[in-house]
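Chain nomenclature is as follows: A, B, C and D, assigned in order of appearance, with residue numbering initiated at 1 for each chain independently.
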Amino acid sequence: DDKEIVAIYKSGTQQYFIDQGDGFKAAAEELGYTAKIINVELDANLAISAVSDAIASGAKGIGLTAPDQALGPAVARSADEAGVLLVATDDPIMKEDGSPVPFVGFDGVAMGTKVGERAGELLKESGWLDGARYGVLSVEVQTLSVCNDRTDAAKEQVIAAGASADSIVQVSYDGTADTSLAATGPVLTANPGVDKWVVFACNDEGVLGANNALKNAGFNPDDVIAVGLGAYEACRPWKEGIPSGFKAALYISGKDVGDAAARTLINSIETGEDLPLKTVANTTIVGPDNYADYMSCD
Amino acid sequence: MSSAILDVQGVGKSFPGVKALSNVSMKVFPGEVVAFVGENGAGKSTFLKILCGDYTLDEGKVALDGTEVSHASPLEARNAGFRLVRQEPEIVPHISAAENIFIGEYPRRASGRVDHAKMRQITTEMLERYGFVGVLDIDALGRTLSPAQQHIVEILRALKDGVKVVAFDEPTASLTTEEADRLFALIRQLRKEGLGIIYVSHRLHEVMEISDRVVVLKDGVQTGDLRIEETTEQDIVNLMVGRELAHGYSRDEVSTPEVVLEVENLSSRWHRDISFQIRAGEIVGFAGLVGAGRTELAKVLFGEFEKSGGTVKICGEVKTIRSPADAIAANIGFAPENRKAEGLILVRSVIENASMAVYSALARMGVLRTSAMIEKVSPFIQKLEIKTPSLEQEVGKLSGGNQQKVVLARWLAAAPRLLILDEPTRAVDVGAKAEIYRLIDDLSKQGLAIMMISSEMPELLSMSDRIIVMRDGQISEPIEKQDATEEAIVNLALGTKAA
Amino acid sequence: MSITENATLQIASPKSSALKRFTNFVGAENLSLIIALIIMVALIATQTEFFFSARNLMNIGQNMAVVGLIAVGMTLVIVSAGLDISVGSIAGCASVVCALTVTQMGTVTGGVFAGMGIGIILGLINATIISILRVNPVVATLATFSAFRGVAFLIAPDGRPVGVLDPNLAWLGSGRLFQTESFPGLPVAFLLLVLVAVVAHFVMTSTVFGRSIYSMGGNPVAARLAGINLTRMRYAIYAVSGALSGLAGVLVTARTSSGQPASGTQGLELEAITAVFLGGALMAGGKGTIVGSMLAVLLLATLSNGMNLLGIPTFYQLVAKGLLLVLAVAIGQWRLARSEKQQAKLAAAGK
Amino acid sequence: MSITENATLQIASPKSSALKRFTNFVGAENLSLIIALIIMVALIATQTEFFFSARNLMNIGQNMAVVGLIAVGMTLVIVSAGLDISVGSIAGCASVVCALTVTQMGTVTGGVFAGMGIGIILGLINATIISILRVNPVVATLATFSAFRGVAFLIAPDGRPVGVLDPNLAWLGSGRLFQTESFPGLPVAFLLLVLVAVVAHFVMTSTVFGRSIYSMGGNPVAARLAGINLTRMRYAIYAVSGALSGLAGVLVTARTSSGQPASGTQGLELEAITAVFLGGALMAGGKGTIVGSMLAVLLLATLSNGMNLLGIPTFYQLVAKGLLLVLAVAIGQWRLARSEKQQAKLAAAGK
């Protein structure tokens, strides 16, 4: 049938993208369209295949979170050639000529900036800046450019808030909680002088792993300022009322991003209007007190 | 006389824990067959492997046709004209027999393509020339070849162009008498063509029959180099073993009325309507030509192959045997003929290989102590004089004959009610053979029923209480010991009328 | 089944019917892959009219090129009783090197050769570790799987993907040949794969090098004693695998218009290994065909395309892929068992 | 002279030195792993004083538990000449099942057993595919690698990680035993691994089951003809591998306080396979030891810990890991060649 749109996600087995897919589908169905979701598991080559499969299946519009922003020109070209509408979700991409592909969501630099700002504020409030022996754990997926964008921006903000550049320690993991936990342990050991830590990462999993490592090393939750990215792991101890390192998290509503992406696409398909260049979805910093206003936690 | 085609001077070789060869020298002249004999583990195969570039020598030198060869690689040895027909044929499983013969040296077309047609043509010609017509399907895959067919492939591989000296390492071990005769004709033909031939065998009558000269090895040291006319089998044995051996073996009949194995109307993919009995204490010999179906019969009885009809009773009880495990549970043991493929775990130790079949019997609640394993099998290892630097040695590193003895040790130790032995003394030296006969005899005295498949006529005649001859999947009436003659057996095997 | 048999069969009976010749070419064992493919295509096509569109078929062809190239090289490696787990990492290095060459020197041909060149070098490193340091192929290429991936990131400035916008390079990844009004054309990447596969099929069936791979894989001792230089063979085989992984990396660059150190070349090893074994190769070596491997690549590519067309959710896709793999091999085993039983019956009926 | 007497002599002499007994236990082949470990530890320890801190050592122990458990099972599988690529996916299923059991039924013991139980069931499925459908182990477990991962997501409500904040479960993942003022205690997860490894070592060396694994791996035909039921063995072996992968999945849940369908259990197969081969197993089967595999796991865990301590960036970590793998095996090969040469020289000299 003619009324079909497709969403392609770089990491479709992650909770965040499952949410996004749900939002995308629900909005499409509401507007009388069918929607398909394709997961490419962080594989740029598969992403190209997925785009061409989507086009071949008769899709009129595609939403794409690319595993890699360098894919922009290749993807934009195929979509243009086939006359299919394309929006980038989460991670912005560019066309060959350098112009942006219409974007829905909240980009990585902005996410990192918000996380870093909040971490900076909490750091200032904590009073650690006045002579406490604190450190900053930046938990990074160094092999993923979209992740480096986030942690780089966060580091910048924390420094802007007054943290010394020396206090920042980089920890590398692969995006999962388990490797973050394993990698953070030795870093804590290597910094025995530090008794208070600020933590951020590329995603909530990274922060969760670091928190567990801190707990294992005997750190009190009070000595940890961890700011999550995603909030889906951060909200769990909040919901249970258990003290944890998580003091705040950037909540990005995957559902909202998916919903907005579908609506934007369908609107342009129906009206023939150009896609809006930028549709910013609902994102906000949440904490133990207010998370429930924005999200359910399960 | 012309000069030596092969001249070996002072060759030595050691392995961890074993000095396999020291200071061995020998010459082979064109048109001469030199036999190379010695006990299991004496160093015969090692010597040949050095000549063919498989092992490097520690000391000494080798000259072929007057030029010294460094034997740095198999390719060099091949090109120099030395060829080995190995004791264990090395076959590539998933390519055709013809291609197996040509690996490494394919005929090519002008375009560089492998010329499959020419390969088949040359193979067919060679089969004709060397008298193997109809014995080998040149298109059959390597893995489907019988031991005898594998040997033919090895032989043809060796005889391809440029051969000057060819060595046969126990070539008759997997052949029946008929096949062996064909091989002798071949060797005589090669001798006429002026090749130098080295012949390794434990069958001394063959040595006497085919060779011009005999070189004897004992524990890696050369103990004799004699013209065949000037020696006797007994002399050779003396040089090999260092003591006198009784000639042949005779045993007293010990069979009792108790029937251990009763086969009734058994049929299978290979067999039709086979019925026979073996009583406790009885040794029943099975004779036949290659392809007669003896090995298959053993495997059907042992549950490795399916039977399509008939019953098998053990000690009067009908047994359903669907797998070797069932067979062992029914108190049957089976020492297969093909030790490398079916008998041994080459990468495991002597002690493990010898005790495998008695694991459950030795274990208490599944727990197995090494000491119990040693206690159980080391008597057999000692009686069979298995030459190994330690019980922990990988079986694959033993000499061929010693490997065979390990398989036997396993089943002698298991002492089941019915023991099936398929070519039990294949590749075993004369001294050890006598010892094996004595052990088999002992077992029969303890009341075991023994089914002994053998292609060695003297062995069948001296060991069996009765002999059954197989032909084309069917069996003859048993021949009682007193009526058994070589001629009678051959006639039944070939299907020719007895005189 | 080994191609020798096919070859000899062909020689033996030249007047075999077209069907028989097809069966011979494909190999009896691979028929099960074709059966599985037919079943699958039938299932997909009843669900969506788009499957048989020319565009979609071209699509499948294009999407299978990267894995296909690697699977060709992997077939040589596995038949020789080796394994190459580093292929994806080699592709990553090649992808980056190609992108850098094209952006910095402006030459697409140079980029292609640089990619294949680095592939060959890395392949030779694998062979050296296996032959000279005597490390077994699994450990050796697990080691370089990690090391080469690291190298790919180190070559890429800041470890980031290197964008390349050269249209000629892009043509390699997504261009079409023989395009007309009514015909969408044949994907260049697919034609490249077909070319490589045909050459490789010829090499494996009809050259001394290819036949020697079967020998060394089937029985290294026999091969060595017949004078085949196993070390030299290994160098050649891993160099070919490296070169084709390199070419696959070049295609990744061409398709994604960026040099991808890892994303885009990840998981290729498992995909290629899956295809080669599904295509009938043996873990022990000595067996396997290019035709089989390519059929398997086609089967996997069709499955993934079909599931994307039908919008099957990831979780079910994973399960379906598993089922297909088991099914395809099980059909083959079942056919084999049946034919063996029949032969046995024939033999029993009257020799 | 029969050399057998030496053998009996050797085994009879009980007064071997402590060093010799250690070498015997570790196995001559594995000494190279210990050498590599010592070199590496020396290198790390000169760069950071923290390496030898009790806390850091405990950390290494804790981090190796997940891979270690899987490597124990994988050792059995590989020695039997099989392969199990599905272990990570099994762990994923078990992680989710454990988390669901704990959250919904409130029983941690139940969760542990449920995790291991699902592991056993999935292991039995692997064995069935291999034995009954006669699919080779690589393809079979590549298939279930995919299928079980799908199942893990399907079990998890909406495919999401299942949070569990039960402190008893957490204790399993990060708790300590024998903790005192001055001693940071021994990690529970590490003790669990040690316990499992010791039992497995005993099973492999001293039980009929273990010995039969070596036999069937070395030559399945000979093993069958010696009365070993290969099918039953395979069921048992894959069930053990499944159970231990399940237990590893339980640990993942305990460590991350959530049931992880994929994250945290991905890539475990390659890691475990690496360890087992590094520990001296043969691709062809019949060889390999628990001690070797555990040393290899320790080596890999120490490397990764050391590099994190030193703050080495990912890209260099990847390269270093590759180099370590090659080095460790190459040392072993070099020692083997040297000792064989020496022993041969001794023999030549007349011992």
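Heads up, the rule we're going with is that contacts are C-beta pairs under 8 Å (C-beta built on N, C-alpha and C of every residue); 3 or more make two chains touch, one makes a residue touch a chain.
Computed from a predicted structure; not experimentally measured.
Colleague: List every chain that touches both subunit B and subunit C.
Modeller: Correct list: D.
Colleague: Using the stated contact rule, I'd like to know whether B-D or A-D comes out ahead in C-beta pair count.
Modeller: B-D
Colleague: Report the inter-centroid distance (CA atoms only) between subunit B and subunit D in whole Å.
Modeller: 41
Colleague: Quick one: report the Å distance separating subunit C from subunit D, using the average Cα coordinate of each chain.
Modeller: A distance of 31 Å separates the two centres.
Colleague: Taking each chain's centre as its mean C-alpha position, how far apart are subunit A and subunit B in Å?
Modeller: 70
Colleague: Using mean C-alpha positions as chain centres, tell me how far subunit A is from subunit D in Å, no decimals.
Modeller: The mean C-alpha positions of subunit A and subunit D differ by 34 Å.
Colleague: Would you mind listing the residues of subunit D that make contact with two or more other chains?
Modeller: Residue numbers touching two or more other chains: 153, 159, 282, 284, 314-315, 317.
Colleague: Can you tell me which residues of subunit A touch two or more of the remaining chains?
Modeller: Each of 13, 142-143 in subunit A touches at least two other chains.
Colleague: How are the chains arranged in terms of who touches whom: line, ring, star, complete or other?
Modeller: Basically it's none of the tidy shapes, so other.
Colleague: Can you name every chain pair that touches?
Modeller: Pairs of chains that touch one another: A-C, A-D, B-C, B-D, C-D.
Colleague: Can you tell me which positions in subunit B touch subunit C when the two form their complex?
Modeller: For subunit B paired with subunit C, touching residues are 52, 54, 73-75, 78-79, 84, 86, 90-96, 98-100, 103-106, 108, 112-114, 116-117, 120, 139, 141-142, 157, 268-269, 308, 472-473.
Colleague: Quick check on the complex: what are the subunit C residues that touch subunit A?
Modeller: Listed in rising order, the residues of subunit C that touch subunit A are 48, 50, 53, 55-56, 59, 62-63, 66, 153, 159-163, 165, 170, 173-174, 252, 255-258, 260-267, 304-305, 308-309, 311, 313-315, 317.
Colleague: Inside the complex, what are the residues of subunit D that reach subunit C?
Modeller: Residue positions touching the partner: 83, 85, 129, 133-140, 142-151, 153-154, 159, 270, 273-274, 277-278, 282-284, 314-326, 329-330, 333.
Colleague: Please name which positions on subunit A make contact with subunit D in the complex.
Modeller: Residues in contact with subunit D: 13-15, 18, 142-143, 169-172, 174-179, 181-187, 189-190, 192, 205, 208-209, 212, 215-217, 232-233, 236-237, 240, 242, 298.
Colleague: Applying the document's contact rule, which stretches of subunit A touch subunit C when the two form their complex?
Modeller: Subunit A reaches subunit C through residues 6, 12-13, 34-39, 41-50, 52-58, 67-71, 73-74, 77-78, 96, 142-145, 148.
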